[in-house]
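Each in structure tokens, the structures are laid out below.
The same subunit A turns up in both complexes below, where it pairs with subunit B and then with subunit C.
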Partner chain A sequence: MSAEHGRIGHFQLENGLDVVVIPDRRAPVVTHMVYYRNGAADDPHGKSGIAHFLEHLMFKGTKAHPKGIFSEIVADLGGQENAFTGHDYTAYYQRVAREHLETMMALESDRMTGLVLKKPEVLSERDVILEERKMHVDADPASQIYESLQAALFTHHPYGTPVIGWEHEIAELTREDALAYYRRFYTPENAILLVAGDVTEDEVRALAEKTYGQIPRRSAAPVRNRPKEPPPRAERTVLLRDERVEQPAAYRAYLTPSHGTTQNGDAHALEVLSQLLGGSNASLMQKELVVNRPVAVNVSSWYRNDAVDDGYFGIYAIPGEGVTLEALDGEIDAILRRVTDEGFADADIRRAKTRLVADLIYAQDNQAQLARIYGAALATGGTIADVQDWPEKIEAVTNDDLKRVLDRYLKRKVAVIGHLEKAA
Partner chain B sequence: MSSVTVSAAPSTRIQEVVSPLGITAWLVEDYTVPLVSMDFAFIGGSARDPDDKAGLSYLTSGLFDEGAGPYDAQAFQEKLDDSAIELGFNSGRDRFEGSLRTLVANLDTAFAMLALALNEPRFDEDAIQRVKAQISAGLKRAETDPDSVVWRALNRRAYAGHPYGRPDKGTLSTLPGITRADIVAAHKARLSRSALRIAAVGAISASDLAKALDRAFGGLPAGVGTDSITDTVMQGAGERLLSTLNVPQSTVAMGRPGLPRHDPDFMAANIANHILGGGSFTSRLWQEVREKRGLAYSVWSQMSTARHAAAFYVGTATSNERVGESISIITAEIEKMAAKGPTVHELKRAQQYLIGAYALRFDTSRKIASHLVEIQIENLGIDYIANRNNLMAAVTEADAKRAARRLLGDGKLLISVAGQPLGYTAS
Partner chain C sequence: MSAEHGRIGHFQLENGLDVVVIPDRRAPVVTHMVYYRNGAADDPHGKSGIAHFLEHLMFKGTKAHPKGIFSEIVADLGGQENAFTGHDYTAYYQRVAREHLETMMALESDRMTGLVLKKPEVLSERDVILEERKMHVDADPASQIYESLQAALFTHHPYGTPVIGWEHEIAELTREDALAYYRRFYTPENAILLVAGDVTEDEVRALAEKTYGQIPRRSAAPVRNRPKEPPPRAERTVLLRDERVEQPAAYRAYLTPSHGTTQNGDAHALEVLSQLLGGSNASLMQKELVVNRPVAVNVSSWYRNDAVDDGYFGIYAIPGEGVTLEALDGEIDAILRRVTDEGFADADIRRAKTRLVADLIYAQDNQAQLARIYGAALATGGTIADVQDWPEKIEAVTNDDLKRVLDRYLKRKVAVIGHLEKAA
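Coming up: the complex of A and B.
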């Protein structure tokens, strides 16, 4: 790798804005992103969906650049833009030729404080979001059970509420709600600027001071005060029976720590565990349940690790012909019991680590992906060093670590089990 | 001539590499990151499947990484993961494609695995059953998925009697009848060197690539002839189809015949489409349907240049009670664009966007490789990247108006809706 490529710059402006620079000189383009350290989990109680709603409304214009002008400028410059909202952050980005970076910074920094919202536009955008929810959730029973699974797993913490919000609460969101939320969170000290691509740290510093640097510090960054999820005491089952379900599926989720809540290596161990159990076509559950015996058609696992608060470990499986969801659950349990007692083969652990660590090298090929990796890490309380030391921490995970996290977190007696079935 | 300034075309330098056995690939050499991405495609896809074996192509593409040479499926997958090699295959209507991505340190293993997959796939009976079960799980889900339902209905009518009218992945009734013998025959007949197009990007020299090409592709048959699929034209413009689904929102698909890739007006039509519904936040459809009225989350139009039928498509999803309104707004915009074309101002802005945004296709190895294969398949020539922005800039107002008229004609569309729409009935 060339010396400069991927050498991360990181500094802070006087107003508290974090700045990250990720050089990639291969093509004369840049990815410009701003992450705000607030997401759906910071929605005020009863106002679910406001973070995501505001994300949409951020495209409505400012005093200096009224409705639509931002997007028109981006398009005229041959740029692409979008935004996304998660539970822990909201992010905006543009991808443009390098010479237009300053224009993007000027527009995005203007949008940090200058948003203008008119009532008819707000109401029309609310309709758009209700259509978005219908499209992604109402039309798809698999999305509905996923939503129910999360709600059952997080009984108290707002991760149990969907990012887009509950329909009845979205329908009541107002212009005033959006503005109150905007004023609370859209401040330099709550934001992270990431520029990846054909730039140097010095160039970005100069441009950032000229644009974002002009925004006065508001106050201390908002503190995330979210209710903590209590330790689970019971197994819960979520059953979704719908006439539209032609293909049944089994889900499960376990409450776990995340990188935001643990420093003792458990999160890294859970990442390796997810890769080992169901992270690839060569994974253990795939081998035992799909290849060796046709108990399942597909099985996969995932671990939500980039989070401010506790995350979760999920498993998803499609049963083979004639296999009931209960029988499939039993098979998954048997595998989990076995690896909890015996651990994994060394070759399997080696392979899982190789695969995971390679992803960070592959990411060097994609400036937008690198910006997202660092953005998500910083927005959830991590550091640049956490990302850079990650391969080392993954390599350090042992069989005992895997057994420990299995024993500690993947307990059926506190799992949420989800069954998606056709209504009789 | 319009007065658009052309920014420098992407400076990507493409070499044409010809291996000792005569296999050609386009290469962009770059050592910044220690990896290599390679994309390849064989012309000929699911459209070549016999009617009663629809899905053969897709099933076959799913079996190349399910065991080859000495390795059964599990061993093959473990071998890939041991070196973090990403190897994938897919099949669409017109092509069978693959992609390989590896760290430079594992280059030899990666090409050895690719060679095994392409030349010695095992097609073990248990792997066939397994992949069939996976495909049928997907087909079952698709039966009530609004997007799948609405486009299948549209294609069935638009291309009745032509392979394009069938679902790419086959159906629950054709899938069980596909045998190992069918798969073996498809492998032999379709993976030929004459049908092959390749692009590699990354830390590999031309001479190393040449050797690797022979290793991976040199054992394939030379290939003769082309496919026997006839060109066709979308049917049913002016008709309305309805698939009833118990959902609060209706998904809408629309189509009409389009302009082929080598039509002299293609570039101009591309610009007209961008203005109508191709450019997301700034397009007319986006403004009218989403921004002004909040009717939908997504609305788009696109030109499709399938090998045997060019088409123009529009898609959206809107509340059941607002389907009539959405469709009339969309059709009115299409008629308006057909009749009057874009304004000079819109044309200039679209050109600025399309010219400027071209560079964004060149910032990852994968994107470059995939674009280079696309250019080869469409026969646009190795100098296309250097010329493309000039072609875009050369489109005049008269060109754009003519192309819009040719693309959208009388504005008649075949419309397919899935849901429980109000104010919409099937014809």
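Coming up: the complex of A and C.
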């Protein structure tokens, strides 16, 4: 990372808690995050949504700090807070003036063990989540096709199950489920504390020992026990026609390694590929399908790489006036065939790498984003060194690497294609 | 059931073993079956194939009857034996002269508790199964598209996982996995003994108490704890092109209730519907698409109804010369739309019901088939009465029932479509 930031500190408390300190002295503020190494993909089969449910329930208070007090203190201190659940982790976050770091650590460590769940509150929160799901999914065909695509891509691995959970399973989650899940995963051995900001490693160590360090070691960190996705054998298409669709769209997704499962630098090559194909307004697909010819109104690509298990490479395109989704698919296929054979222009590769590395440098301007980069890496099995070596690995990607990953992973015959159409 | 057969006996031993006696005095033979109420859908997530693996391992011998002895005795007595694993149950079967029933019961009850598994035998059997999977699936595009279709239809429920298991999970199964599974499921409380043939209920009871009755009750029968499939939101297509394909084919499958989950007689209506649409050479689709016009070479439909959880309705068609799979799909859609609106000719409904009921009567001519009908019903949560009332329920299905299930379940917008094509 750049010289503006000090050395990243990384140590472990005696109870197994990982601690990462990211010095950033530009302003007297700190970002305090805790990542738990469990997310929706660790939900017990049949209890989907429990990781996300527990994220909500973590705001229900403890004996020492009853419901609402934590958030009230953060607000009174002029701070910000948030929490989020992914497939691989659940994270809690506050940003406060540096002198309030200890307060945040005391509160967050308190709810690592002291959560109090009352049945009526659990049930009413469950209703909130069911309503959230209804609003986001039932009312939105784009969300529905996204869920269907994920389920088609990951037929066996739990990444195919939405983070929020399937409605019929959320509806059956109980207080006992939540408590069992809490006891299993909310332990120091399973957590990563990240503090970014105007603070030294020694200061964080002292405060962490005083707060989180008081929690006894529970046991070994829970093991992630997830089935692998079998190799796909067929092309799969998901078609959703709905009268509420305003904008038809073509999706596609290819099962790929992630940073967690990659070999031979394939993940870094896929990152550069994603940037080249559809990562910006200057990308190849954007130029050829949007700017030069009116085939598409918009096209983008992305690569889900920060995952414990295999991820995927995605492409999304909105067709131009009068262009069918099938025709659009054909245009995308033609571009992919060409770059698989011929690779990219050296200048384009250079520009894509510069952009990717610059994005990481810009991210350093944002404490919270920086903490999230390290948090996500560590929570998915990566290391501080993986993050720090990343620019070098990106720079090392060659045209041959790009052709190799195109040929190896972006095969139409095992793609998942999605078509979202307006119902007649 | 018909008067040729005596009353079906059904009782339970003190240890919880269900016993069903199906008298059939036409010949001095008996069919002896044991159904365990666990199948591939009860495989622990990530250990697919373990139910089927254990079925193989059950032939490895016990302390009292080392490897090979059981089969040798059956052969010496001129008997037949077999075993099979489904998604909902695993069953073991012998057919012998009536005087050898006790021997079979002694041997089968011995291996309910006495199985001896040696590591080298377990590992070599695993290789046998991996080879079986390679031969059946890797070499056969039709098997591959079938697996892909099942996985697309059941994205969350374990019916989407093949009974034999995913290759990478079979390869990891161990002796310890097999023993843990054996101890969990191979108990009297979890089993159903069926004896069909020239034997009375009292005789079976006495022999059962002398053999199986000596096994102590283990605990409550294992609970089937399976996630439900979320309601499908999109049409899904699975396309497999392979140069080894000799005959292109169009598949489709619709998620439906089964006898285990049905309400309002929908399962019986779906059975009649399957018979009407593509259950025989006189069926509607066969007449319209094969006989009257050369649209298809063959077309059939089936309904997977004997399941604990939701099943499906399937259609399979081989296109005629020069007919594309898309055109064939359109023809099938047109027929389905028409019968959804207009229903079927009364004479056709009558004929379909007669045929279904006749098939059951013919089945009574085959002891083993009869035992399998009762075994499958009981192992999937049904009762003796369900089997016996079945003809009456089939007779009660009306044209309105058929239109209702067509409208409710056979909706193209949530179908899974499969296309198997020869690669160019």
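To be clear about the criterion, the second predicted complex is superposed on the first by the 418 of 424 C-alpha atoms of A that agree within 3 Å, B and C clash if a C-alpha of one lies under 4 Å from a C-alpha of the other, contacts with A are read in each partner's own complex, and residues count from 1 in each chain.
We adopt the following convention: a contact is a pair of C-beta atoms (placed from the backbone, for glycine too) under 8 Å apart; a residue touches a chain by one contact, two chains touch by 3 or more.
Bear in mind the structure is a predicted one, so any value in this text is a computation, not a measurement.
Look at A:A64: by the touch rule set out above, it reaches neither subunit B nor subunit C.
With both structures placed on the common chain, the touch criterion links A:A385 to neither subunit B nor subunit C.
In the superposed model, A:H156 makes contact with subunit C only, not with subunit B. A count of residues in subunit A touched by subunit B and by subunit C gives the higher number to B. Within the superposed three-chain model, A:K413 lies in touch with subunit C and out of touch with subunit B [touch as defined at top].
Of the two partner chains placed by the overlay, neither subunit B nor subunit C lies in contact with A:A345.
Applying the stated contact rule after C-alpha superposition, one finds that A:A327 touches neither subunit B nor subunit C.
After overlaying the two complexes on the shared chain, residue contacts for A:A234 are found with subunit C alone; subunit B is out of touch.
For subunit A in complex with subunit B, the residues that touch the partner chain are 1-2, 5, 24-29, 59, 68, 71-72, 74-81, 95-97, 123-132, 134-135, 138-140, 142, 197, 243-247, 280-282, 286-287, 290-291, 294, 297-298, 318, 320-321, 350-352, 354-355, 357-359, 361-362, 364-368. Interface of subunit B with subunit A (complex): residues 7-8, 10-12, 30-35, 37, 65, 73-74, 77-78, 80-84, 86, 101, 103, 126, 129-130, 133-134, 137-138, 140-141, 143-146, 202, 245-249, 251, 279, 281-282, 290-298, 317-319, 349, 352-360, 362-366.
On the side of subunit C, the complex with subunit A involves touching residues 45-46, 48, 144-145, 147-148, 151-152, 155-156, 160-161, 166-169, 225-228, 230, 232-241, 413.
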